[in-house]
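Quick one: this structure, given as structure tokens, is what I'll be asking you about.
Think of it as A, B and C in the order they're written, each chain with its own count starting at 1.
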Amino acid sequence: METSLQAPVIPSPAVKDTVSIRKRIRRSFRQIRMESVFKQTLAIAGLLLVILVLGILLTLITQSIPSIRLLGLKFIWGSTWNPVKDVYGAFPFLLGTLLTSFLALVICIPFSVAIAIFLGEYYPTGWFADVLKNAVELIAAVPSVIYGFWGLAVLVPMVRALEARFGVDQPLGVGIFSASLILSVMIIPYAASLGRQMIRMVPEHLKEAAYGLGATRWEVIRHVVLPGTKSGLFAGILLSLGRALGETMAVTMVIGNSSILPKNLFAPGNTMASVIANEFTEADKTVYLSALIELGLALFLVTVIINIIGKKIIDRFTNE
Amino acid sequence: MRTDNIQYRIGKSKGFKILTFVLAFACMIPLAAILFFIIKAGITRINFHFLVNIPRPVGEKGGGIANALLGSVIIIALASFIAIPIGILAGVYLSENKKGRLAYWCRLSVDILQGIPSIVIGIIAYFWLVKPLGGFSAFSGSVALAIMMLPVIVRSTEETLKMLPPSLKEAAFALGMPFHRVIFKVIIPVGISGILSGVMLSIARITGETAPLLFTAFGNPYLSADVTAPMQSLPLLIFNYATSPYNDWHDLAWGASLILLIWVLFLNVFTKLISARWKVQL
Amino acid sequence: MESTIIKSRKFNASFGANHVVKNVNIDIPRNNVIAVMGPSGCGKTTYLRCINRMHELIPDATCNGTMSINDEDIYKMHPIFVRLKIGMVFQRPNPFPNLSIYDNVIAGYKLNGIKLAKAEKDRIVEHSLTKVALWNEVKDSLLKKGTFLSGGQQQRLCIARAVAMEPEVLLFDEPTSALDPISTATVEELFHELKANYTLIIVTHNMQQAARVSDRTAFFYMGELVEYDLTKNVFTNPKDNRTQNYITGRFS
């Protein structure tokens, strides 16, 4: 190819042209090669993410196998967790996780829905909206460990006083209740911001039809806006739940870290995440560590499933 | 007949508006309480010595959080170094490939990663790096944090690039530019604010993370810049010292909390400013 | 002599600093079909939406002057009262997507918190759907959601919904601009029948429609009511130059 382009040495502009054509073609080939290398690099980056997730799942499973094989289903139902005696019943942690997460959700829903309606319907713009929006974003930005520290220093003494007033057995202040309170504050932003987006998406002309029929503002919200966003709000609640389930630090610091099955809401307890955080570095036996990893696997599966369902609902909603 | 309950309905509508208002702004009460308390408790502890000294043994007065400050900076920098290139490349890949099997699984993986609890990521980093390498290290902590940064960076890069007009890319190609040049010299520079805000957001997110570092970076009472050794970080220090029984250490934790809070807030505000500018440009 | 049902005196409406309806004086007689026409941006839709006080739902929207129904000042009544007397049909058919056809027709009652016996509800649904010539087409699918209906049928459903509240006046904001010619014709037939029991005010972009369906025509231009007379007079012998220009197509 190159020989056919080699012109005789004639001192004329033709020489320069053919030489630069040669250079350009060589450069083009190089660039074409670089293009495909680059495209492959991009694909590798994408592949890396998939491998990452698969690797995480694989590691969790393989590290849980000793515990799964040894303990079987007793792991889930057993309500005694005594590593010293090699007894691993995780039910107290499942209960702790469910209690704190659902209680936190129940507490936060009225506030999240109120924020969503406030920002989505009453004041989408303006001074009020900016203040509230920033406040909600701030709530999401404060690190978990700071929530925990504040909870320990301020909330726990208040709860302890409350418990004493109610005549609770051992007014510790730490416990399921305190953990739920802190958690409820932390998950407000998730349902609120999603709910707000969904509410803003209700088409104006449907609201107009309702106003035209003589509805009050609240009636429009109740009969037109909210029914239209039911699935969106549900997805937001799911995502908040997912967040609550995985929250570790703040919960660890105020839940009391007790492996005994909690008798009531004021009792100390543990969640799956907090027991891992507390006991991981102390797990000296293989089965002990493997049991903790099994908890991690359970946590992984539950949060992933909840998040995927939530996202699918949102996708379907935004594409309708 | 039908008009006698109108006053009631009007009252109900007004009542709900007030209820919504009250509930919405009620969430600001705990926020204000936390901010106020942290500022009050922390502001007295912070001075120059606090920032440049390492913690003293229990019982000795003074001491600071220099090791945690340096440690946080190093760990975050290293995590960013790992996560940013991979994240941006993956984001570019997804924006260029709207359909396709790999793109589908990649997107699913990003969604999954975003939902994984941070403590589980800590477990993973432990088994992938701490156990094989025989000890805790800042490096393993950075990897854990990098894994957490990835979904945010990939998402925001993909969203940013998707919003660019296709005519931009077409114009570049029509000029004969090769693909990698189009991406690096045209697409990314135009979308840089959006990508940057995604990066800043991910950094803001991991700055306050503690759980992934619990059994990776682990913490270190001494000033160290060795990434192959355990290292202290600000949230770790707060956690360890806040849950300790010593008042001196509680003091340290308060000061550290204030510093961490300011740092995180600053990052968030900075991110907002960048993304606001980007929206205006568009 | 026909009695006046809607009266406007020195009526103005604005969006912030933008004065879009200027000093309108108009008497609308009962049981008539009034067409309101004019080029885009002339204020006709804004004026219409002031009649049932939908205009004020937009932030920054203001108005002044008198607007009365049966000599009662509309702006001194509560908007809910106004909208129970003055119904509206919008440009895009907007039946509530999550309600069945049956529930759509009586949606106004549900929204207003008015509880009705089943027999009463059935009567109202049948009566309203018959009035809009939709009863025979949907009587076997009343419990299905309204979204499977064609555009014209959906619009007639919206008219039925408005009629079910038994208002005195019906406002139409370009009701057939989103419909195909056949649906348009069916809706236009309705106007003639509805006239017996209601007063209809129809904003339209379509001059031929105005000429076809209305008794009187109001021509708006740049916010002002330029001409208002019997339709046949406006179209054959317009008094104002601007009306003449509009009708002959000099501008649209």
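Here, a residue touches a chain if its C-beta (ideal position, glycine included) is under 8 Å from a C-beta of that chain, and two chains touch if they have at least 3 such contacts.
Keep in mind that what you see is a predicted model, and the values were worked out from it rather than measured.
Trainee: Would you pick out the chains that touch subunit A and also touch subunit B?
Mentor: Neighbours common to subunit A and subunit B are C.
Trainee: Of the chain pairs B-C and A-C, which one is connected by the greater count of C-beta contacts?
Mentor: Ranking B-C and A-C by C-beta contacts puts A-C first.
Trainee: Suppose chain centres are the mean of their C-alpha atoms. Which chain sits farthest from subunit A?
Mentor: The chain farthest from subunit A, judged by C-alpha centres, is C.
Trainee: Nearest chain to the global Cα centroid?
Mentor: A
Trainee: Mind checking the centre-to-centre distance between subunit A and subunit B? Centres are C-alpha means, answer in whole Å.
Mentor: 13
Trainee: Report the inter-chain centroid distance for subunit B and subunit C in whole angstrom, where each centroid is the mean of the CA atoms.
Mentor: 54
Trainee: How big is the gap, in whole Å, between where the Cα atoms of subunit A centre and where those of subunit C centre?
Mentor: Roughly 49 Å, centre to centre.
Trainee: Identify all positions of subunit B at which a residue touches two or more other chains, and write them in rising order.
Mentor: 9-10 - these are the residues of subunit B that touch more than one other chain.
Trainee: Which residues does subunit C have that touch at least 2 chains other than itself?
Mentor: Those would be 80-81, 84, 112-113.
Trainee: For subunit A, write out the residues touching at least two other chains, lowest number first.
Mentor: 216, 219
Trainee: Help me check something: in the complex, which residues belonging to subunit B touch subunit A?
Mentor: Contacts found on subunit B: 9-10, 12-13, 15-17, 19-28, 30-31, 33-34, 37-38, 41, 86, 89-90, 92-94, 96-97, 102-103, 105-106, 108-121, 123-124, 126-128, 147, 150, 154, 178-180, 183, 204, 207-211, 214-215, 218, 235, 238-239, 242-243, 253-254, 257, 260-261, 264-265, 268.
Trainee: Quick check: in the complex, which residue numbers of subunit C touch subunit A?
Mentor: 52, 54, 57, 79-81, 83-84, 87-88, 90, 92, 94-98, 107-108, 110-113, 158, 161-162, 165
Trainee: What does subunit A use to touch subunit C in their complex?
Mentor: For subunit A paired with subunit C, touching residues are 203, 205-206, 208-216, 219-220, 223-224, 227-228.
Trainee: Hey, which residues of subunit B end up touching subunit C in the complex?
Mentor: 2-3, 5-6, 9-10
Trainee: What part of subunit C is in contact with subunit B in the complex they form?
Mentor: So the residues of subunit C touching subunit B come out as 78, 80-81, 84, 112-114.
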